[in-house]
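Common to both upcoming complexes is chain A, partnered first by chain B, then by chain C.
Presenting the complex of A and B:
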């Protein structure tokens, strides 16, 4: 690539990135369901299709979970329709065993034509508020097969040559509990693709088709070069790690996820050989989901200014043996895979990489104590509360930074609802929502503190709870402590019940409460290496007590963290280092 | 530092747990010992039941009168505790500083025989007295560029445009905002670093692209510009203050957009060789380009970055940049505006006569303004008009009391609006409540609802007139109208601007080098017409007219550039 090519690539790349961002802005602005416009659980990208392969050209920052998953979904859909595309077509798909993850995450694809050929494909991938199946909202812990997860949508044309296919549209709507939202959300996804089409047409006009495609090639090789340079800096070798899923909500426990990161020059393969066989419960991860969470892990190791496109993905491969929990056979249920075992896949990949690229890994998280509650208002209308406050906290540390305070990184797009607004809209009171002292995994950089939340319900309701991170909490890295475990308690006038695994359709009376304890995040590095001032500041801010400072960090200080005793601290730290 | 205090009020203002005054005393004693200078107080539902916060302030004042206290029920009496806490905390942080700064400033002015009244620009685009500013200091954050937006409205109106995109390019940043139908876009969703500020502010989008933005080659061999900036010290290499890395300003000098002998009207000489050397060492040699090629590449990247950001600002609001006139402000804005219009497909550029001190002009044309908001959560169906009117009256009285200054203004203007949403939605739309009467009538409410449906459709692409609508917050803006500065338009003279020509010089545009005509801005007069390629040099700013563009000096001395509309 000569310099003028590189400069053109920068300009075309910037224009494509802006087009992807404008898609994202359009979805946020025009969607109906809160999961789109408030929780931002979607991502947008633009693809091309070369030699039978859908390639990512540009992507807007969005929900990290969708980062890579979008690629395999587009690949599967374009394989079906590659010879049957017309201007004005719109494809819809969500098929876990054909490029999908869990059923709620649907893609909408619009082919953009140039020189009478379909050349570019703007795509929105988003989490639908409902996707049919036995349980509203899509998480069914009792699911035994993929059909109990929800309604599968293999790639179908929602629009053909600009005309809506009403039969297909009606079939999709008929299988959905929130049809008003769905119509609005589908329009928003379609509208975002049309926004991109306008921008792409403008670009092709301005730069020319051949020049635009050349610039795209250059951008892809640029990203690949940057990622390869990073991987090249890691010593060659096989780095093995394992972690465990608590359970599959149906009785199988301590399900192993094993991974060997094989670093060879500027390539890295993640080999999941040794992982447990597929299980009966809905924690199995489709291949696309496994690749996606490996990508989440890799993305956290690469400089943030590297453009996310096909070049980013090229140096990375995933080996996931069939019939295992990380690549199950059809029709095993996979409904919770974007939480569990996605969390464990990212965790184990990071644990493996921590052996060759310690300063790059961290930000481990995503094992949530989920609990959904539904009931009826006085006038009979139904309400569903996702109890988001109970999931906050628990972000792990990374080299150079303590764990972030509220949501962990995988959910950074998600906006926490206001307590006051919640109490206005739902018959509930959030009586407690606060950091818990001494609940952060210790390390040179510590995890975020855990969060205790108590939600009291003012009317009868039904609650489903699904715990994770209890038996196997969030891991720390490079000598740091793990985060403390999650906990959940249901309490009413008859007393309290600790939930460690799952409760299904549990009836709670008015006045009952759910108490969440979201465990803190894991740390990074040896706690005795944390500078004394930072430990003092943690005491001062009541993140830790002086006792904990002495025990975990070897810092001897007063209870308000005003000053440390330098001699006692040096001595204590020397002893601790010797023991280690 | 933060301390939890036991107390709780329900959503219906019922006290569930009384304020634990002993806990407050203990907390104050602790914070006093820790040497804090300011305390922010925020409890749940204080926007409907402020008593616990007020009592807490009393206790703090008794125990530690020297501590600056700020209550969330005063700063932002609105639902959503995170926004309220964050805004109140920022107020506590900046309050003591700004209060002492403003009173010091006023004292100094008085000592120099200043007899007028001191007003401070607010980030909502209005002015407030110095005393009021000290109480609600958070309202002044980000107020610098606010002046520019206010000025744009004024200049745009005079020049005959109602829909304007204002771009303000300084040393380190490029600020973008839009004015639709002479009304600046407002937002309550601002962030300052990690802090959320939920007061209504002018909506200004900032990108890191200024005259001082540094061009560099990254690890992957790609040419990048910014976000690192050389600032004004050491500044661009051509300033000769020790800067050695190439900046946007250096590139503009190399390409001939800037005249090395006429920077700040000639008060400063720019070192062209230093610019060339910086570009050669850091960009041209590593890429195997000539210095001129490298400079052109940097320039195109900067221009495309700015155009992409501007495009996104309009798309986010469901707008099309081609429907706007571009107003170029800031010292460097007019160098790039012509190219921006080309890239964005905009047909007109306005370069205000007062370019580089544009923001300051805004301060002289802005009205006094107090914005107040109260949460009032109710269904719009069967809304209690007597209650609504009583609340509006109370808010208006309080706002007028804060405006206070009767010396500057005789006329007050009351603007009311409602934050509405469809039941079940999570975000609101602020809809102006248009009335001819002081009292809000049911007809006014119906009209506002119709406006809500339409505004909802424009913003979010759908509406549902059958869906129940709920009210969340009522808003009042009270404006103390100031007499705008009187500017008399000059009569148009002859079209021929040749009398202002200083000479020619080569300027490199996107399509390559051209011999451009150079004009002396001071000699240009109303009605003068010229064609690009051209440069108009004035003190503190240079206007660049691209090949194919035409420029006209209007009756107020503004330079209006017409672009063919090619994007």
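Presenting the complex of A and C:
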């Protein structure tokens, strides 16, 4: 590639990235559901389709767990319609066993034509607030098959040659409890794709189709080189790790997720052979979800300036034996896979990589104390709240940085909705949302502290609660402590009930509350290596107590963290190192 | 009525009967074959019912109401070659999982008639396999909702729509097959209507249709002329029937819809009223708009007899319909046409155990009545399945079925492994030995060897 090619590639690549980002902004500004416009539980990207394969060209920063999943979903949809596409068509799809993850995550795809052929495909992938089925909100902890997860949407055209298929549109709306939101959200997704189409048309007009495609190839090649360079810096070998899912909500416990990262030159394969067989409950992970969470793990190991496109993915492969919890057969339920066992998949991939690229791994956090609530406004309209605030905190540490606090599951890029907006949108009050002292996994770099959240409801509702990360909390890396476990409590006039595993369709009266305790993040590195001044700072900020500082870090300090006793600290740390 | 109109009127009825019989013969759904849950109808271009044949009475008002809803939904967007599917209780239907295929019939470019086939499917997703969802309190828990959608558009199959529907069932092959059968049946009826028009002319056909409707109205009026006015109580609410020029059934005191699935749509309630007050006329003269319109039904929105969206509905016909029928019988001094539902168990493979689950409805008997040779009128063409057929699926053995002085008893043993079941509300609950209830559900786990005993008590004459 000569310098002019490189410049052109970056200009075109940048233009595609900008188009994807404008799509993202369009969705944020125009969608109706708070899950879109507040929490940003979506991602946007642009694809092409070559030799029967949908290829990611550009992607806007967004909810990370959608990043790879969007690829397989687009591939599956285009396989259905590849010979039946027209300008103005819009495809909607969400089928977990045909490129999808869990049912709430839908893709909207719009083909963009150049030279009379469908060449580019702007895509929005987003989490719908509801997807029909037995339980409002899309997470059914009693689910034992895919139909109990919700209504499946195999690829279907919402628009044909620019004209809305009103009957199909109505059909999709009818199978959703929050139709008011969905109408706006679908329009927002469609609008974002149309915005991208304008930008793509302009780009093709300006550079020409051939030159644009050449530039795309260069960009993909560049991303691949960067990722391969990173992988090449890791020593060849097989690196095995295993972790466990607490339970499947149907009676199975300690479900193993095993992974061997096989590094060979500039390629890495993640082999999940040895993982537990598929389970009855809804924690199974579709292949697309497994690949997506491997990608989440990989993404945390790669420099963030590397363009996210097909080249990013090419050096990485996933082996997931069929019939296991990481690649179940249809119709096993998968409704919770973007939390559990997605969290464990990313965790075990990072644990494996921590053996060959320790300074690249971290930021492990996704085991959530999940609880969501549905009810009706006074005018009878339904509302569904995913209670995002309860999931915040608990980010793991990475080499060079403590876990960041208060963002929701950091790996997913979901944004914390404002409390004021939440209280306007839902009949609820968020009474507590604060760090919990002594709740961070200790390490040279510590995890983020855990967060306690209490949400009190102003009207009767139905709540489903699913606890995870208790028997097997978020893991730390390279000698650090794991994060403390999560906890959930439902409290009403009859008292408080601690959720042990799951609460199904529980009726909460007005005045009742859910209390979330999001455990803290795991650390990175030996706690005794943490500089004394940083431990003092943690005491001073009330992240930890002086007792915890002594116990975990070997730092003997006053209760306010103003000063440490150097001699006592040295002695204590020496003892701890000896014991270790 | 002219002789020609009489002949053509009977021809319309024959078309509906032919469609219903043909569909039932080709259908693969056990609910159609065994329970008689199907119907076929001919309607005019305004959605007025000209003729209808049904396997059981819950469909009496639903095809017409669904056709009317569907016409409104598509307004001026119907064309030759369209095939429309509607399968939602809140689009003129009765409960989830009962689908209606409608084919518009055009003549000289104008919509003149509709042919329709209505049938119950073995499964349409929902919380548990099969049509009954006792735990449901809202419609989305019961099944996929199928608002009016074109399966074929101007002759072009809408494959993606069909995939959408067949992906949301645990019994894909059954549904796919029954959709094809219903489409073929409705299309065939449509072609026969065209043939009639070609042969006799549109004016004569239209006039005959009108006269058939008027004849139905006259017969209903005559039948209702001597109906006694009266009132009775159902679930603590007063139901009143007022005779006169137009009979008025007032259900305005019925309670608000339940937080369960024991609710009726207005179409289902009207079916109860029709079968209670006019079953003789329907049997003799055949169903038509004239009969549908003969009784005014007042049912408050949001009540158990006119549930409002999104209330659940799947068990209403088995639970509410017999109570309403009994109250209407008491109010009018007649005998209840709809008796307590027969005990029923839906048996299915363990949920999640395979990509295909074919739920089977177990109810191997019927209630006997003094002076009657078979089940009540409301059972329609419901069949009592032979022991061999019952056992053919390889999931149960029928050990015993006996008619005695107190009624019928039957005993089944589960032979297959990994079977689960629900007991459908309504009627006398069967006794089940060896079953355990799964946590967080009403699903029973049945080990091989579990015994199910059905009792069908002898009914009042």
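Note that in this section the second predicted complex is superposed on the first by the 516 of 580 C-alpha atoms of A that agree within 3 Å, B and C clash if a C-alpha of one lies under 4 Å from a C-alpha of the other, contacts with A are read in each partner's own complex, and residues count from 1 in each chain.
Simple rule for what comes next: a residue touches a chain if its C-beta (ideal position, glycine included) is under 8 Å from a C-beta of that chain, and two chains touch if they have at least 3 such contacts.
Everything numeric here is computed off the predicted structure, so don't read it as measured data.
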item: Partners on chain A (chain B, chain C) - clash or fit; value: fit
item: Partner chain in contact with A:267 - chain B first, chain C second, else both or neither; value: neither
item: Partner chain in contact with A:202 - chain B first, chain C second, else both or neither; value: first
item: Touched partner set for A:79, first chain B, second chain C, both or neither; value: neither
item: Touched partner set for A:423, first chain B, second chain C, both or neither; value: first
item: Chain B versus chain C as contact partner of A:18, first or second or both or neither; value: first
item: Touching partner for A:29 - first (chain B), second (chain C), both, neither; value: first
item: Chain B or chain C, by number of chain A residues touched; value: B
item: Distance of closest approach, chain C and chain B, by C-alpha atoms in Å; value: 20
item: Chain C to chain A touching residues, read off their complex; value: 73-74, 77, 88, 125-127, 136, 138, 140-141, 144-150, 160-161, 163-164, 167-170, 310, 351-352, 354-355, 439-441
item: Chain C-facing residues of chain A, complex; value: 80-81, 95, 132-136, 141-142, 144-145, 147-148, 151-157, 166-168, 170-171, 174-175, 177, 251, 280, 329-333, 502, 504-505
item: Chain A partner contacts - residues on chain B that touch it in the complex; value: 1, 4, 8, 10-11, 34, 44-45, 79-83, 218-224, 287-289, 293, 297, 300-301, 304-305, 308, 311-312, 315-316, 318, 377, 425-427, 459-462, 567
item: Complex interface listing, chain A residues touching chain B; value: 2-4, 6-7, 9-11, 14-15, 17-18, 21-22, 25-26, 29-30, 32, 34, 37-38, 184, 187-188, 191, 195, 202, 206, 222-223, 225-226, 229, 303, 305-306, 416-421, 423-424, 429, 431, 434, 540-541, 560
